[in-house]
Structures are given as structure tokens and as C-alpha cells.
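The structure is given below, and queries will be raised subsequently.
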Amino acid sequence: MANSEFEYTRFFEQTDMLLPDTWIVVRLDGRGFSKFTKRYSFAKPNDKRAIDLMNSAALETMRGLVDLVVAYGQSDEYSFVFHKDTQLFERRAQKLVTTIVSTFSVQYALQWPKFFPDEPLTEPYPTFDGRHVLYPNIQTMRDYLSWRQADCHVNNLYNTTFWAMVNQGGQSPTDAELELKGTFSADKNEILFSRFGINYNNEPEVYKKGTVIYRDLSESTRPLSTTSPLNGTTKSSASPNSGTTDPAANTTSTSETAPPSKTQLDKERKRKLKATLVAEHVDIIKDGFWEQRPWILAGKGARKGSE
Amino acid sequence: MANSEFEYTRFFEQTDMLLPDTWIVVRLDGRGFSKFTKRYSFAKPNDKRAIDLMNSAALETMRGLVDLVVAYGQSDEYSFVFHKDTQLFERRAQKLVTTIVSTFSVQYALQWPKFFPDEPLTEPYPTFDGRHVLYPNIQTMRDYLSWRQADCHVNNLYNTTFWAMVNQGGQSPTDAELELKGTFSADKNEILFSRFGINYNNEPEVYKKGTVIYRDLSESTRPLSTTSPLNGTTKSSASPNSGTTDPAANTTSTSETAPPSKTQLDKERKRKLKATLVAEHVDIIKDGFWEQRPWILAGKGARKGSE
Amino acid sequence: MANSEFEYTRFFEQTDMLLPDTWIVVRLDGRGFSKFTKRYSFAKPNDKRAIDLMNSAALETMRGLVDLVVAYGQSDEYSFVFHKDTQLFERRAQKLVTTIVSTFSVQYALQWPKFFPDEPLTEPYPTFDGRHVLYPNIQTMRDYLSWRQADCHVNNLYNTTFWAMVNQGGQSPTDAELELKGTFSADKNEILFSRFGINYNNEPEVYKKGTVIYRDLSESTRPLSTTSPLNGTTKSSASPNSGTTDPAANTTSTSETAPPSKTQLDKERKRKLKATLVAEHVDIIKDGFWEQRPWILAGKGARKGSE
Amino acid sequence: MANSEFEYTRFFEQTDMLLPDTWIVVRLDGRGFSKFTKRYSFAKPNDKRAIDLMNSAALETMRGLVDLVVAYGQSDEYSFVFHKDTQLFERRAQKLVTTIVSTFSVQYALQWPKFFPDEPLTEPYPTFDGRHVLYPNIQTMRDYLSWRQADCHVNNLYNTTFWAMVNQGGQSPTDAELELKGTFSADKNEILFSRFGINYNNEPEVYKKGTVIYRDLSESTRPLSTTSPLNGTTKSSASPNSGTTDPAANTTSTSETAPPSKTQLDKERKRKLKATLVAEHVDIIKDGFWEQRPWILAGKGARKGSE
């Protein structure tokens, strides 16, 4: 029973290294969640417990993987962004995707009792599938995140209106759906306000904007010299506070000439592991979010001129 | 905030449909399990609780996915085999792999207390990564499974000997490792027997052979006409009982002329969902296992002559 | 100007090894040939010179690449089939495809004057694009070739009828197209026969069947022991002459136990290089063609049971 | 013989669309050219006729494919760069690569007599293989081209020295090779100068630098408003003449707000088809080349901020 006779079968496995220097997004989606949410009677249009659980699972997923620079979630989906410079698992696609899917799924399952103390999980258990998408530059990667946040807004406005019509207005779901067909945002805002006295703008930010998670590397915890990745891709390259709180910014070009040493990278890694993870419900479509937190997309300062 | 402005980013996602008519193996591996097993003081060389948990998680993973025809596990790894005819998720690689990884991971985490009642799971939680490998025919797919079972044997013989030397013989790990270097199976068997009175052949089958899981579709539950997939690829095409218990076998070629109808497929699916899942610790390298359970690799009888 | 500073860019090239043990088909198509054929006033529905040129280019393409076991061409397309065991260029997809495309294109261009002595090639020159398709077993690979030959038949019957209606019947192209819309084969045969006295069955085989090219390894040139790849996949496994001209066939299983030696492979290669290339216009959809030429798809006798 | 029975085999062909917004480089290499160059007694270290032929074939390859923005060649290799915005062939990898390989190969074969009038091509004919590599931004794509040009320099210095030692110095090839092993550029320059009176700097630029081909869209032929793609990726963003000869540059941001219309794109295409193709032997590693020809890498002005 020599091992070697069959070992040739390992060569059927194909490599799946992802293109270097490219942003890697891994998006998870709940499997069969419309059924699952009914089984556990999730509140409509939004169940705060369920969203808090998603965010908590995402936080723990980001904690150990320091090459994840930002995550964005809404509804039953979460997108995790690896920095384009990541070398984690040699950038092997399946390794990256399954590690995130496994970690997130386990966190969701084990943290469930904390958020749903009265509803023990029963089979079939909640699971998630995932996939990766590559974005060659900050612009397209940010546009991807903007797409998801715009999607959150569109869905939430629809759902808020729909469930107000059904729950408060007493319309049948079919009737509400029919009436909403073809309406614009303004129409839905008007329905909400005139019929139910709801000002959509006052709805909770977490429902309107979803959740963005990142490491807080601002101020004292920030590295001495950060390459702002935004210089190359936005019109206004100066972030509001980079000029004031980071006097070392002017030395950028000097520090860039040498790639970071092993010790520097280890230090950087440790700093990120210790950094506070922040979950916010804010606009990530406009430049402001990124300009005020330039470290999020910053690189390791190794290669001049690349974004 | 029109959705459409950013929607172009969805076209960066690339299709990953797997080659049709090809066996899809998804293998999971525990992430960082050498550390994890130490943290929970797994028994050496084998921890029965841990193996039972792996098998239980695998059983539940197979239960809902009827296109999985067989699974094989040993140590902290498990391989799941999709029939070459599967159209699940349109054969999208990441969807298939992440669904299995997510399901298995959640099962492992949630079933943990059943197998380790005295050791509550703490962070960092156990997780698994996964990947797919394609095998174009039964021969190579079976050789893959044989490779894993041969690997199980080689590792278990080594580990059994090593831990006997350390735990019973009082040798230091370094010393035991040094002595075992370059030894053959016969040498290890001899050490076990002469020094510790252990006859390796009497060790539990679950450790020596690992675990194979499949659906029991034998006898009454078997379909009337099964296309034996083995005719084309093994020397002895007749399985021992196919001639006796399945009088309809002779009508195979007739039934093959027409592809199965929608109703037939639904029936087949239900039959599989109801079928008992069997976990055995037996040799799957020799032909016997497959010949005695011809339904495991049998197809839907649709296409003549393909294996 | 050190080379090393920029050498990192080589790691952006991604491997594209094709799945082992799988038949590789490379199909070429003429680029913009409807325009090209007009420019050179190709005869309609078929231009014998053009088809002879295609076949001649294909013959030369096959000559040097002994891992190509069969090729099939019709109209401005040609499909080349690499044996599933080929290790040429480590099975790198682009290397395989571009080598064939380049060889075929150059042959077509340089042999042009031999077939079109009165029409010198002018810019833009004829070119071809190409792609690979994988087939996991003989059945699907043969079905692919059958698809192309069925396509040849369907197109040729249509074109023969259409051009008879236009050239002999004096119908306008639009009118002929309109009349043929929705007709079946029988209708077209009827039009050809009743209006133009053409019996389609008597049309040249090269137009009706296209061209299949293979190496003639029959009789004396055949190896002593050939693994018939057809045993496993067709109902009638015995080729008409294998039993009579190849007395060694019964020893197959013996010779299979050992993989072929380096010397044997070299000999085999030389034998193939010397073998006569045959171009025929025959049916390759039915089993007969393959059963009578079992060496075409035969393997190197290395692995038991694989097809 | 219905076509449909076999048509399922077309679904084995897998899509190979390349990541959007990414530079596509296609590199060709002569197959077995060390043997080929010996057969035709190419001059050593460089054969002017052979290089002129390569460049001429590359020029014709670029002529019809206006989405090719630049090409670089040396020795028996040529790299063609598609603009990251190209939608040619829906960015299908094999279609792009084989089209270039076929076009270049045919051009090389048919133009041969013009450059080697006394040496008719005989079998085996010269052929080329090819592959694509993706670069996610200008920096990495330029670094790729720099790598090839640095490679040209390193090889040419070595070859110039080696052949001087052999042809003029009378050393045996083995002896020359041995002496050159481990030497630096300075050593080779010294050997050339002290022994053979050759100042390497005075060697022809075409041998030292290779050949870069691009469309001359300067001055009058330049579009009114060009998005300089270099702003984001090089330290000195202003090209020497962009400020002076292009008064419309300041309006860039305005023109960028609207994507180009169909008519504009057609016009742009025609302009490029008519543009003179320029082949130069200059440094493309330093920024100067690109800054002085900002139109080469310029986009269609559609998307703000992307490079």
C-alpha cells in the first residue's frame, strides 16, 4: 500500500493564485436566508439583533486577518477587502475565500445565543457561501463598495415603505408590491411621510447605510510615514488631517526608497492586531470617509507610485 | 445615489463553472489544528472524540447535498465527492466549495459540546479551509481517495509507533523521531510488537482506515435499473450481488435510451434524501468496496457509455 | 539598469496547465473569412482549392506534433485533438493553442500559391484564431467531433441547395433564403432533386463529410500491444480486425502492468513521426471509423482501466 | 444526424474573459529560434535583417488593431500592449492572443523574402508561441516593459562581448563563456574597449535598446483633451509639452464628466487607423519617453481618476 502509487492524483489540483497588486474582495451571502429569517421570525424590515450578529461575526473575522483593511455589510451579506499588497496564503483564491467563509460562519453560529438568547439554533443551521472579485485599482474597488451601499439604500427605502404599508397601513403584501412597482425614491419618501408620518431621513443610520468596519490607526497609533493611496486617484489629494497631525508626511518620498524591513513588517502587523476595530454606519460613497481615514487603504510604503 | 453608476463593478466577477462530466472533489483541512489539538489536549496518536466529531459533521454535510455521493475523512481532513453529473449551483467552483466549508464548519462548532462536554470552545474557534480538485474519470477519482487512505495508514502507523515509544517507552520525542527516520512499515510493526506487545493489525479500524460515508441505497431502496459505472473501468465488471439481487440489470441498455424525466429525477432526489447515511472504516482502495456498492458511483442512466 | 528591479513583473504571468488525463481539442477558425472568400472569389458553395489548402495546412500542422492523434476540418475551421496523455509543453494551454495557430497560419499563407497560383495573396492576409476545449473522456470528445461533422452536413446541404437556387435557378439570394427558412433536410433534398436533378447523396464526400486526418499505424507499423481505448466506452468493443491481425491483443493486461520505458516512448515517437498521415472524407460519427482504427485513440499502455 | 444531439459538447468550452480595467500584454517568442537562426546563418551577435523583419511584422500587427497602444521587441520576442480599456473580442484571452500570434506569424513568413531575398524559407517554417499577462496599473505594466528592455541590454552587452572574443579575439566559445562567467557590466565594457577598441556606447541603438512601436498622435493629430494617465503614477506629473501645446488640458475635468459618444469613439478609431506608426530605438525605462508622448497610454477620457 505504497503512498506513491496514488500520489500522482495531487497534480490534478490546479493553482489559483490571484493577480498580484490587485484588491481582493471576498463577499459572503447567507444561504437560503429568506427562509431562515422567517423560521426565526426576524423583524421586518430590519431585525436589529440579526444585524448586530452579522456585524459581530464580521468584527471577529477581521480581527485575526490583519491584511483585511475594510469590510462592509448590509442585510445578509458582507464584503471583506484584502489590501492589494497582501501575500496571505500566497494569494491562493480558494484558501482566502474559504478561510473567511469558515471563520464568519462559525462566529455567526457560536455568537447566535448572545443575540438571540431565547431562540436556540436548530437544524438546518445558517450557512454562508462566498466568492472573490478582483479590482485592479482603488477607484473600481471603492465603486464596488459604493455599489453595495447604494444597494443597501435602495433596498432599505423599499422595504421600509413596503412594511409600513403592510404593518401600519394594513395593505396586503401583493397590494403594496403592486403600488410600489415603478415608483421612484421621491414617491416612496412621500408615501412614508404623508401616510405614516415617517421621515426616512430619521431612520437609523445602520439600516440606511449598512456597516463599515476598519482598524482605527489614527493619531498616536498611526505609523510615522504613510503613503496616502489616494493621491493618485482623487482630485483632492490632501486629507483634512494628514497635513496637521502627521508632520512626517513630507518625508514620504524618502522613506519610500527602501522597502520595509522584516522587523518593520512584524511591528506593523502587531500594531494592526492591537488596533481597535471600528464599526460605523456612515457614507462610504463620497470621498470624505476615505480622505479622513487615509491609513485604511495605505500601502506598506514599498513601491513608489503604485496606488 | 443611483445604483446603476456603480453596478459596472459586478462585471469584474469572473465565472468559475467547472468542466462538465468530471468528478468534483472538495477537500477540507483544519486550519492550524496542530495548535488547536494541543490547546484541547487531544489524545495521541488518535482522539476518539475528535474523530467522531469530524465524522458527525461530515454526515450532516452530506445529508442535505444529495449530489455528494461519497466522503472520506481521516485526521483533520475530509474529502467530499460530487457525482460527475452534478449540476448543483451550475457547477460554480466557489459556490460548491464554500457551501461545504460553511456547512461543515458550523456543524463542527455546534456539535462540539456533544463530543467534548467538559471542554467549552473558546476563541480562536476551529475553522477549515477547502479547495476543489477535478478528476476526469472514476479511475483517477478513486485513486485520489486511495491516496488519502494510504496516507491515513502511513501516518497512523508512524504515529502509533512514535507515541508508543514516547508514552509507553519513555523515549524523548526527538529520540523517537530520530530512531524512526528511514524505517519501513515492517520495522515499525516490529517495534510495536517486540517492545510494546502491540499487534498493529488489531488497532481500531477507524484509525487505520479512516472513515468512508455513503448513502445506503442497497436492496429494497435501490432503483430498478442502475447503470453500473464500473463496467468500463475495472477488470471484473460484475459486482458480487448485482446479478442476484437486481434482476433488472439486464434491462439496463433499454432504460438508458431515454434520459430520466423530471419526475424520475425528483423521485431519485427524495429517495436519496431519505436514504440512511452509512459511515464505515473499511478498505476503499481495493475494488471490493465499490463493486459491492455499485449505486455509489452510478449515474442517472442518461448517457450511454460514459463512465 | 539592473534586471532584477523589474523582474518581479514576471510573477504576474499565471499558470494555465490543463487538467491531466483529459482530451485537449484546439479549434481554429478563419478570421473574417466571409469577407476574405469574397475578395478571392471562392467558388460557392464550396471551393475545392480552398479546402485542399486547409487540409494541406492541417496535415503539416499534425506532422511534427505527434501528440496530436486526430484532426477534423470543414469550411474555414479545423479541430486538432491532443491525446489525453500528452505532456507537451507541460499541458500549458496558451503554449499548445498558439503553437498550433502559428503553425497552421504560416502553412496556410506559404502554401497559398500552390493552390491559388493565379491569385497572389495581398493584405490583409488570412489569419486564424483558436481556442482549446477539454473533454474528460472519449465519449464527449467523439461527440464534439460528431457535432462538427453534423454541422458540416447541415451547412453543406443548406449551401448546396441555396446556391443551386441562386446560380442555377436564378432566384435572388433573399428569395432563396426566405424559401429555405424552416425547411427540413428532406425538403432541401427534394428541391435539389426535383428542380435541379441533383442527388445530394452523389455530391463529393469531401463537401458532405469534411476531412479527418490521422496517422496510419495499421498492420505492420502497429505496436505489438495496443490498449484499445474503446473497450470501456462502446458496446461492441472488438474492432473488426483487431482479433485477426493482432495476435498480441490478448496479452494486453500483462503489458499494462509496467509503464512504458523511456526507450519505448522514444521508439513510439519515431514510429509516429514516420507514419503516413491520412486524410479521409468519411463518417466519424458512427463507431465503425474508430473501431477499425483502434490505434488512433490508443494510449501508451501505461495505466490500467483508464480510458 | 440531428445537430442537437451533440451540441451539448459546446458547453465544455470555458469562458476566459480577462479582468476589466487591466492592461493586457501579449508576448510572442520565436519557437526553436536558436536552431532556426543557425539554419539561416544569422549574423552574430545581431542580424540586422532578422531584426528589421521582426519590426516590420510587428508594425503590421499593430496597424489593424487600434486597441494596441504600444509594442516592444528585441531578439526573437515581441510584446504587444492592449489599453486597459479595450473591449476587443470581449477581452477573451485566447481570442486576443491567437489573433496576434496568427497575424504576426503570417507577416513574418510572407515578409521574409523582402528581408532575406537570397534565402528562400524552407520547412520547418518559423513559428511563434504567445501568452498574455495582465498588469493592473501603469506602473507594473511599464515595469514589465522596462524588464524586457533591461533584459535586451544585459543580453546584448554579453553577446557583443562574447562574439567579439570569439570572432575577433579568436577565443573558443567555451573559453569565452568561462571568462565571462560572473563578470559585471563594467568588466564587459572594459574587455570590449581594451581588447577590441569597441566603445559599447557607440553600438547601434537598435541592438542596445530594442524597438518600441507606437502611433504618432502628437500635435495636430492629437485630440483636444487628453487624460494624461501619468498624473497619478509618476512624481513629475506634467509632461514637458502638455502645458504648452495643449491649451485644453485645463478643461480635462470638464470633459471627463461625460463618457465619449459612439460617434466620438468611431472618430477616435479612424484617427488611430490613419495615424503614422513609429518605430524607435530609445529608452522606455525612464519617465521621459512616456511624458513626452502622453497620448500613448491615454484613456478615452471616460472615467475620472482611474489610471
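So that you can tell them apart, the chains are marked A, B, C and D in the order they are listed, and the count of residues begins at 1 in each.
Heads up, the rule we're going with is that a residue touches a chain if its C-beta (ideal position, glycine included) is under 8 Å from a C-beta of that chain, and two chains touch if they have at least 3 such contacts.
The shown structure was predicted, so the numbers you read here are calculated from the model rather than taken from an experiment.
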Legend entry - Which listed pair, B-C, A-B or B-D, duplicates the contacts of C-D in over half of its pairs: A-B
Legend entry - Inter-centroid spacing, chain C versus chain A (mean Cα positions, whole Å): 50
Inset, instruction - Calculate how many whole Å lie between the centre of chain A and the centre of chain D, each centre taken as the average of the chain's C-alpha atoms. - result: 40
Inset, instruction - Mind checking the centre-to-centre distance between chain A and chain B? Centres are C-alpha means, answer in whole Å. - result: 34
Legend entry - chain D residues counted as touching two or more neighbouring chains: 12, 14, 19-21, 134-135, 140
Inset, instruction - Chain touch graph shape: choose line, ring, star, complete or other and state it. - result: complete
Inset, instruction - Please name which positions on chain D make contact with chain A in the complex. - result: 19-22, 84, 134-137, 139-140, 231-235, 253, 303-307
Inset, instruction - Using the touch definition up top, name the residues of chain A that touch chain B in the complex. - result: 1-3, 5-10, 12-14, 16, 31, 60, 64, 93-95, 97-99, 101-103, 105-110, 121, 123-135, 140, 143-144, 146-147, 150-151, 153-154, 285
Legend entry - chain A partner contacts - residues on chain C that touch it in the complex: 11-12, 14-15, 17, 19-21
